[in-house]
Structures are given as structure tokens and as C-alpha cells.
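Everything on this sheet refers to the single structure shown next.
Each chain carries a letter (A, B, C, D, E and F) given by its place in the written order, and its residues are counted from 1.
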Amino acid sequence: MADKKTALVISAHAADFVWRCGGAIAAHAELGYDVTVACLSFGERGESARLWKEGKGLDEVKAIRREEAEKAAEVLGVKELVCFDLGDYPLVLEKEDKFKLVDLIRKVQPRFMLSHSQYDPYNTDHMYTTQIALEARMVAQAWGHNPGEKVLGAPQLYLFEPHQTEQMGWKPDSFLDITPVWDKKRAAMECMNGQVHLWEYYERVAQQRANHFKRNSGGQSGGRDCKYAEGFQSIFPRTLDEL
Amino acid sequence: MADKKTALVISAHAADFVWRCGGAIAAHAELGYDVTVACLSFGERGESARLWKEGKGLDEVKAIRREEAEKAAEVLGVKELVCFDLGDYPLVLEKEDKFKLVDLIRKVQPRFMLSHSQYDPYNTDHMYTTQIALEARMVAQAWGHNPGEKVLGAPQLYLFEPHQTEQMGWKPDSFLDITPVWDKKRAAMECMNGQVHLWEYYERVAQQRANHFKRNSGGQSGGRDCKYAEGFQSIFPRTLDEL
Amino acid sequence: MADKKTALVISAHAADFVWRCGGAIAAHAELGYDVTVACLSFGERGESARLWKEGKGLDEVKAIRREEAEKAAEVLGVKELVCFDLGDYPLVLEKEDKFKLVDLIRKVQPRFMLSHSQYDPYNTDHMYTTQIALEARMVAQAWGHNPGEKVLGAPQLYLFEPHQTEQMGWKPDSFLDITPVWDKKRAAMECMNGQVHLWEYYERVAQQRANHFKRNSGGQSGGRDCKYAEGFQSIFPRTLDEL
Amino acid sequence: MADKKTALVISAHAADFVWRCGGAIAAHAELGYDVTVACLSFGERGESARLWKEGKGLDEVKAIRREEAEKAAEVLGVKELVCFDLGDYPLVLEKEDKFKLVDLIRKVQPRFMLSHSQYDPYNTDHMYTTQIALEARMVAQAWGHNPGEKVLGAPQLYLFEPHQTEQMGWKPDSFLDITPVWDKKRAAMECMNGQVHLWEYYERVAQQRANHFKRNSGGQSGGRDCKYAEGFQSIFPRTLDEL
Amino acid sequence: MADKKTALVISAHAADFVWRCGGAIAAHAELGYDVTVACLSFGERGESARLWKEGKGLDEVKAIRREEAEKAAEVLGVKELVCFDLGDYPLVLEKEDKFKLVDLIRKVQPRFMLSHSQYDPYNTDHMYTTQIALEARMVAQAWGHNPGEKVLGAPQLYLFEPHQTEQMGWKPDSFLDITPVWDKKRAAMECMNGQVHLWEYYERVAQQRANHFKRNSGGQSGGRDCKYAEGFQSIFPRTLDEL
Amino acid sequence: MADKKTALVISAHAADFVWRCGGAIAAHAELGYDVTVACLSFGERGESARLWKEGKGLDEVKAIRREEAEKAAEVLGVKELVCFDLGDYPLVLEKEDKFKLVDLIRKVQPRFMLSHSQYDPYNTDHMYTTQIALEARMVAQAWGHNPGEKVLGAPQLYLFEPHQTEQMGWKPDSFLDITPVWDKKRAAMECMNGQVHLWEYYERVAQQRANHFKRNSGGQSGGRDCKYAEGFQSIFPRTLDEL
């Protein structure tokens, strides 16, 4: 485990990290974490419908998406935003791309990682990204990969909330209170000019998850209040000294 | 959530709490928890083969099992052992028995509860107990059940490790280090004279789970050591301020 | 299949039918369906916290809950509200209670039925109700049960949306547009004076499900608009002449 | 394990054992097994539609169903047919009924048992029967239940094929070749006069399963022929000296 | 959604569309649909055993399989049969092949799509095809893929019936009555000269599914008759105005 | 089915076959099987931490791992050890590598095959290997792949025990008694000098599985003894003449 508090988000498309775990990023930044975000693509082809309808070209779309992502990252307190620019729909990582991701994981030495759900029939880029995240995590742990480098420990991989959770077979086991940083998440979402209708959508997601937070933290009979929350599913078990 | 640190184990048969979560009991007793154990039966018919082979009668079997359970509970630092004496194979709770269990839950106000896996084709008493634990937890939360009493919050229900985990569909998400209290668990197991062959069996379980503890807490590249552990599956999600 | 358009909701507690399928009820009432609602209990003990905190007694609580349910049913256009008054937390149906439910099913001859999710560790009354709904549906189909009565066909059993869907293993396969009747559902919810905070909660549920409706009906490239929707999971397969 | 070759079928309704495992019964009878069939009810209310339509009364229906079952059992070579006559739709076993079943299990000392699938939303009697079979098996294994009697070993519980397998979550792991005894199964099915349409249905089931037998025993490149087969799902794992 | 009624079948091997959804194709053709079938390979290596045993060469096998497929397509009323000729055992699509499939999807603008089950340990080409179908569907929906082309809406992807359904984890949620077009399906199957034994097999499949159709459409108490049917599993939820 | 008794193990890394199915190999060698082991890589990068810590280079690591594997194979009675040397972390098979594996399968004509679990988030090489095993098995069955060669029948694919079974969704359905060959497995494990701590770990695994063997083969009331066992999960169903 790194001495420094660190976290790494692996996001298929440029905006995913904002909607799905912007609260977790901002909250951990305030807790003193260095949070790194890896965007494997800009979501330029598949998640920029408005820009294409306006007649923008590929380079313009990518530039706009990059700028939005950078602004959002800054608002959230992201330490570093790394754009891999690998293309989307479909996203494909060649061997060298995977090793670049391994390099980043080793550089960051994250205490925990965040990525997509393991199944998504609407968006195969998402499930592919999680598969790659697991593969890269494994390589980063190998003593024989670039011997001499510091190998990775065994950080948790949290899966952030997909759209239409039930279709994805995603089941949250952890709810994070993001009330104190809600303004930052909202501001980061507002950097995504092309998706105004999603601002309200994800505000409601956060409110519903806050209700779930309360239901599980003591409920009507004494639980502390919570206005906004995010849910996460853990891949790996926890190790504890107290239940 | 109770101010006092408290925990409640709901065990179908007298010895279950020793093999399956004796370490968790001892560890939390040392952490200052008041741990209450509810044994719904003595396992007199189904889990006392040696005594029956020796020709003991029902009352003798129950007395011996009770004594073993009491000794083990003392060794583990259990605050109170409550024997419901409801009979086993099959275990059945009538409405009044369920309400007695609700009374106990409300009296204890546990921060967390422990019970069996949700499926067990070898032992239907086990899965029935978990179903009852959920039902009693729900009733204990109801403002209209014995109005005026303090209602229950929303404690976690951890499922302790069944025999042949894979057949039961049990998947641990939490490993607890019980190394510091291992001697107590071993001593408690040795109170179960009729099941000597299980002493070694559950020592090995604890050693294997310690290996899993290490694999998930940093692994070969720096994780702290652990010699004995226990695994648990959570029914309800966690609520957090930091992942 | 009945010639008349009919539907039957089987609800564990008095208010469940409002939050979980009030839109479906109102929409089908407008489509000419006779919708019957069976409330197996008033949710008097477990879902009336505010009334108990105010010091009400059991009969008062039940009377208030009944009145609320009746008002909501009227707003939604329910044809008949049948209160079984069987008690809650836990809800238990004896053999004669089940047969009363069978009688109702046969009387209504529903084209489809609605009930709870099949798993709910927070609320065992809910999953018990669905188990009973399946059992009663089966008995109602039997030629040898009260021979001479008209037997039931094979209506769909839709499971309405539980709280914290992912924890319940509930996955919707049908989204119903309730935009035209939203005002009725909102008005029905407002009959539930003791649960003001849930008005907003279930409004947001309906908005999120509307988004899912749009995502699955053509999406950004031409799908018709939808502001409020409800989701349902089918137990039985459909029979079709066109996919 | 009994020295004598023995098997026990636990069937919710009188005809179930014929359609679902008549081939297995006949095949094992020819292999020298004493096969006992326990019919918990006659399926008088729920599975005798034709008789009720003809205006028969309850006792007549039961007598006819019993006679059919006896004839079919004889054709299949059943050693003993035990009719519990507990009623159906719904089937309910009180404590003493369960103990009667335990007595039978102990008397038979089966090498293997056969019963229904673990889930069946169309027919809750079926899944209830399997739950009871597991409970009775457990009690029969207990040294403290009727001490002095010979306890049960650990026989496999095979789940025979339900109607609409996919809806029941039933997955066969064993296909039994019943070609040599097909004539007996067909003849036994023809004892069920009220369900002529099912004769062809279950003949086709046997033919399809024969195809699956061949696909898994060497297939197109050399597998032996098989014209009729039955499929089974095992609850418990196997123990082997050779894979 | 396209104004014209259109459907697209994506089939790993040349004959798959006949056995698995020939009835759906013929039925929709009669309903006025333009049905396009994409065969990614001819199944030349893996599903043409008889031809290889006769000593045919690769080109001959492919020519024969193509001819059979063309005949069957004509019988079923297929609008266009597109042979990708990508090879089988294993089937592999390079990026350009995927884009060719995307082009076809966009050209057809299907109201619904049909493909294989998501798991098949016997035939990895099948599950790979479904994975590709989801990926291509996603790309076809992207505004940034070949900007200016008409993007795809959100058509259902139905999974047609695999061999040995239970092994594939396939669960049908829709049964289609194909009685009126059965003669066409039978005739199309008879175009597959090399697989005579399968003609009877799939006739029986259709008869069994017809039984399931009846069981779910009202059953013994009034359901309309059905002699032949096909089953399908939906990937995506439905959007409705009436349950 | 081959006349000769043959088996094939497909192992991602050099040592996997020892820990996970060394007992099955030795037991079947004693039963007269020719057992072939295919190691797709040496596990040089990912599973040789000690060697890298000692400063060894890649070629040295591979040579040492090969030598260990060869020694272990000899101890276990392996007929042939085939090292594909494809690299690990991540393991990747190109088309020609897959065909080499198909060649081997056809040469061996195994009665059964052994490989990894189908899911492993800790080690993506493992799950990838099983996917490849299924694909290669399918190609080996194709009459059109290298026509004239003897095609493969339909051997079982057993999945051997992964680390942390519950995390992998692995559920054993077969326990093999390896008591008579335990000394060989222990000796083979001791060939793995770099992983001394695993010797005890896998000895305990074998002891625990022996307990499960006994629980399922008659249990306390007469089952034969077993000191060491291995567990396996079957992909395909069995075909039988006797249950």
C-alpha cells in the first residue's frame, strides 16, 4: 500500500468519471488523496451526439471533449488527467497501450481504483474497460514486468454506477456520502455542455443513493442525514480487524 | 446505532458459534464489545452423534451440549449466552418464539449481527435460521411492535462461513484477522469434546482464510502478516465517508 | 382470459400499491380496466412510524392507514380495494386466508397481476407476499378447487419496483409510460401524509425510469418523449404473433 | 450406503413420477434396484382437470388417480408405491407428516433420491416438495432422531426434469439412457388416461434428451446411439476415484 | 425506429438462421417485414461434417453451404441474404469486418435484431457472434461513426434458441406462434441436406415450444391452440403503454 | 472416445498443474492413463517473484521454471509435458498458437481435459486460458479443420480448483480421492522451490477436500475414509446408464 493517499479512475470515455464518480473524486481530494484520472478515449464518436449534429469534425469534437474533461477534472480537484486518446466505439487497446496503462498504475500506486461495471450490453466499451483494468492491475503486480520498478500491492477495484444498473447486473455494496462536495460534482457536470439533460438525471441519482445511504446507516431511528451519495460495487473482499 | 459496542450471534445449534465465528467473538470482546450469543437449539438430535452412539438420552445430550456451549462462550468472552432450547432437525419457531428473539435483539441493540448462510441443502436448519434472523431484525425495527420500546437501527447481518462454502453459494466479502485471539478460539473448540476431528478442520480453515486475508491486503509486496482469519459475507451495503 | 379488462394488485401493506404501481393502476383504469387492489395488511406496525411516534394506538393507526389507502385508491381509479387486515411484521396467512385470496383472484379473473420482488432482506413481508401470490394463483387455476367455479387462466405476474432494486435482485424487463396519469399518482402519494419525504423520492424514481423508457424506445435518435415511467419484472414469458 | 440397491422418488402429485423419471425407475428396476415411490398427494385438485370437467367428486378423483398411479408403478417395476394422501394445491406437511416421510427414507435407505426442481413459479407444490425432501433427508441422517434406528448415509438428491426447464432455473448435469426401457415408460404414461396430449409431449422430451446424451458422449464422431433419455440435476457433488 | 418494417438476423454459420429462427423470419416476412440475414461464415469447417466425410474440398463445401442457405432464405421469404464469408472454427472479425457489419445494420435499420445466446461452451463462435452483434449495434448508434449517415435507434436484440438451452443459461421470455408458417420452416430445413436428423429434432423443438406457448397464454382453461412455436430471450427491456 | 486412456491438462503457467490437479494427474497415471500437460507459459513474469527479487534475468527465470515443471511432471507420472512458451502477464494466443494447441488436442485425443476456472479477477491469464481451451476443443471437433485428421470426440472439461474459490464463482461437483498418490503430489509440490509457503497451503486444501469427500460419500454413518482429495467443476453434463 502506498504511503501517500492515492486513487486511480479508469474511464472509457472522457465524461464517464464525472457522472459516475465525480463525488468520490472530490471527496477524496478533500481528504488529501492525489486522484489520477485515465480517460482511454474522448468518447468522441459515441458520446458527443450534439457536437456531430452541429457539424463539428473529429478533431474539433475531440478538442472540445478534452477541454470539458480538463475543466471538470480541475473543479473536482483531480491531481492529473491522463488522456490516452485511443478512439471509441469500439475502444481497442493494443499490447503497448495496455503497458502504458500499467506504467500509469505503477506510477500512481493507487490505494484504490475505480472503473465500469462488468457487463453492459448497451455499451461494450464500458465492459471492455473493466476487463482491461483487471488485466493491467495484474500485470502491474508482477515482479517480472519491468523488473526493478515498484510493483503494485492489491488495491480494491470499485465499479462505479452504470446507467440502468439492473440491466448491468451491478449491485452496490458501498455508499459514499458526497454531500459536502456536492457543489463540486454539480459544477463538474455543468462543464459538460452537450449533455444538459444529464445534469438533472445524475442529481437525482445522487439523491436516491443518499436515501439508500440513510436506510443502511441506522435508518429512521437515528441515522445521520445525507443529501447526496454515490454507490460502488467492490470486486475484491475487504480485510479487517473489526467488523 | 447503540452507543455501547454490542454484537449478536444467532446460531441454529449450540456449537455453531464456536466453529464459525469464535474468532470474531473473541476479537470483538477484546475490542470492548458486549457479545451476546443466541443458540436456538442445542443441536441435540442432529449434531451430537457421538453422544447418541454412547447411549445417552435426550436430556443428557442437551445438558452436555449446554455445558460445552457455556464453557466455550466463557473462553471466548461472550457477555451472555441465551439458549432458546427450541429443538432441532427440524428447528421450528412459532410466533411467540420469534417475538422472544425480537425482544433479545431489542435488548442487545447490536451494532452488527452474525448468522448462517442463506442456502444449505445439507442442513435446512441453517438456512431457516437466517430467514428468521432477517424476519426478527425487521420486526425489531418496527415502531408499532411493542410501542415505547427502543426500536432497532439498521445493523449489518454478516453470514459466517458454512461447511462446503461453494455448495452454499456463500461468498466472503470481509476477512477478519483473528491471529491475536487464536488461542481463545482453539480453546473454545476444544470444549467440544465430541468433535475432536473438527478442531484440526477449523484450524485449517482459519489458516487458509489468513492466506486470503494477505492476498487482499497488499499481498506479497508488503501486506502485513496474518496467521488466522475468518471470512464473512454481508447482506447489506456499507455506508462510508472514505472508500 | 377474461373478456373484461381486469387487473389485480396484491400488496403486503396498505401503501405499497401507491408508491410502486400507482401509475400502472391509473393508466389501466383510464384504459378501461377494472383494477382491484388487495392489501393484506395496513402496514400498521412496520410502516407507520410517524403515527406511533405521535402516540397513536393500534386501532387508530389502522383506521388512519385504511383511510389513506382508500383515498389513494379513489384518486387512482381503483375499482375495489380489499383490505384483508391480517397484521404485519410479520405478515402470516393461514390456510383460510390463502383461500380468501384465491376467491378474490377467481372473482376478479385478472388479465395480469402485480406484486412484490421475490427477494427482500430488509422486509420479509414483501417476499412472503409474492410467494403467496404464486401459490394462490396456482390454486385458482385448479379445476378441483371449489369445482364449478370459473378457473383462472394464466395471467402474467408482474413484480413492481422494490426499494433499493439491486439489493433485491430485481431487474425490470418492462417500462410503462405513466406520463399521462402522473398527476393522479402524485395526488395518490400525497394521500400518504405520514411519508412526505417519499413523495419526492418516488417522483425521482418515475423520472429516472422515464429516462430508461427513452433509452430503450429509440433513444436520442428519434424516440418519443416520456417524463414519468414505472418499471416491472415479469415472472412468466410472453406469447406473441409478432416480435 | 445400503448394501441393497435402492432408490426413492418423492413426488408431489400422483403422476409426476411417471412423466419425469419413469425411465429412470424402469431402468434401475431392471438393474436390480428396489425403487420406492412416495406420492405426497394424488394431484386430485390441481392435476385432474378432465375428471372434474366430467363432474367427478373428490373421492372418485382420488380413487382414479390412485389407480392410475398404481398401474403405472407396476408397469415400471416399482417395488412399493406409498401414497401419503396429504392433499394438493396447496400441499402442506405438518410435523408428523414430515416424520412419516423420514420413517420411509430410513426404511428404504436409498442409494439415491429423486424429486422436483428447486424453483417453480407455476407450481409451488413442486418446489415445496423439494424443500421437504431436503429437510427429511437431514432428519433421517440425525443420530438423535429415533435413536437406535439405522441412520441415513448421504445419498444424492437428483432433481428430475420440470416443465419449461428454463423458467425453473433447472440445469441437467446427468443424462440417463432409457432406450432399453422406453416401452415401459410409454406404457406407464398411457396409464394416465386423462392426459393423452402429454404422451406425445414426453416422448419428444425423451427424444430431445437422447440427442443431448449423444452430444455429450462422443457425439458425431463415434458416440454410441441413444433414442430416449432423461436428464437430472444433482444437488450434491460426487465422490470419485477416477474422473 | 424505421418506418419500414425491417428485421436483421446475425448468424455465425450459414444454417443457424434456419433451425433457430426460421419461423420468426417467415412469420415476419408474411407480416410485411423486410428480413435481412447476415451469415458471418458458411459453417464450412465446423458444421459440414457430412461433406468433409464425402471428401469435398473447402471451396466445394462453401459453395454447397451457400446454395443451401440461399434456398432456405428464399423459402422463408428473406429479403436479402448477406454472406460475410469470414471463416469459422474459430470465427474472427477484424475491425474492418465489424464496420462492414455496422454498415449493414445502418442500411437495414432493423426494428429488431436476432442472434445467438450469450454463453455456449460447445461453440465459442456462437457467443462471440453475440458479443460482436452488441458491439456493432453500439457503433451503429454513434453519431460520430461515419457522420451524416442515419444512426440506428434502439432495436431489441432477441437471442434465439441454442442447442441444449440449459447449458447455455438461455431463458426464453417470448414465445412466437409460427403455426401459420410452419410449412415454410420445414421446407427451409429440408434445404439442409446434410443434416437430415436435425429436421425431426427441430420439429420437436417447435412442438415443445408450442406447448409452452399454450401454458402461458391461458392454458387449459381457454388458451388458443398453437402447434408450432419458437422461443426468444430479450436483452433489453420493453417500453409500453399497457401491460 | 479414444481406446487408450488419455487426459490433457491445459495450464496457463508452469506450476498451475501441480498445485491444482497434481493428485488427479498422479492418480490417473497409476490407473494407466497417458497424461499430457500443456503449459502455455512458464509464469515467468507473474509467478516467479522470488527469482526476480534475487536478480535473475528473464531467460534464467524461464529455465528454472521449466526445470521445476519438468521435475514435477516426472514425479507425477506425466507422459508428456509440452511447453508453449507464449509469455505471461498477459498471456496471448495468436491464431497459429491456437492451432498448435488444437494439434496437441487431436494428437492426445483426451478422454477428459482439465483447465482453470471461468472467472478470476485476480488473474486474467487463468480465465483467458479456459476460454481458449473451449475454443480449441471446438476446433478440434471440426471435420473441416485439417481434413483427414482424426477429429476429437466430446471429452469433459473439468475446471480445477482456483485460489479463493468463492471469488471465482467456482463450485466443485466432483471430489477425487488422491490419498493413494498424496506422496507424489507432495513431492511434486516440493519441486517448486520458490513457493515453499504454498506446500502447506495446498496440503491443507487437500485435507479440507477430503473432509468434503467424506461428507458426500456416506458421511459419519459409514463412508470410507479419505485423507486427501481434489475438487473439480464440470462444464458439460454426464451421460449414464445408472444414476
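In this section, a contact is a pair of C-beta atoms (placed from the backbone, for glycine too) under 8 Å apart; a residue touches a chain by one contact, two chains touch by 3 or more.
Predicted model only: the values in this text are computed from it and were never measured.
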item	value
Chains touching both chain A and chain F, listed by label	B, E
Equivalent interface to A-F, taken from A-B, A-C or E-F so that over half of the residue contact pairs match	E-F
Copy-to-copy rotation for chain C and chain D - C-alpha atoms, rounded to a multiple of 5°	120
Same vs different contact residues, chain A with chain C, by half of numbers used	same
Chain B and chain E: spacing of chain centres that average the CA atoms, whole Å	52
Whole-Å separation of chain centres (CA-atom averages), chain D against chain F	37
Touching two or more other chains - residue numbers and ranges from chain C	49, 122, 141, 167, 172, 212, 215, 236-237
Chains touching one another, given as label pairs in label order	A-B, A-C, A-E, A-F, B-C, B-D, B-F, C-D, C-E, D-E, D-F, E-F
Chain F residues within the chain A interface of the complex	44-46, 48-49, 52-53, 58, 61, 88-90, 92, 121-125, 167
Chain E residues touching chain A - in the complex, by the definition given at the top	95, 98, 131, 134-135, 138-139, 141-145, 147, 157, 235-237
Chain F residues touching chain B - in the complex, by the definition given at the top	49, 122, 163-167, 170-172, 200-201, 204-205, 207-208, 211-212, 215, 220
For the chain F and chain D complex, residues of the former touching the latter	1, 7, 24, 27-28, 31, 112, 141, 151-154, 156, 158, 172-177, 212-213, 215-219, 221-223, 226, 229, 231-232, 234, 236-243
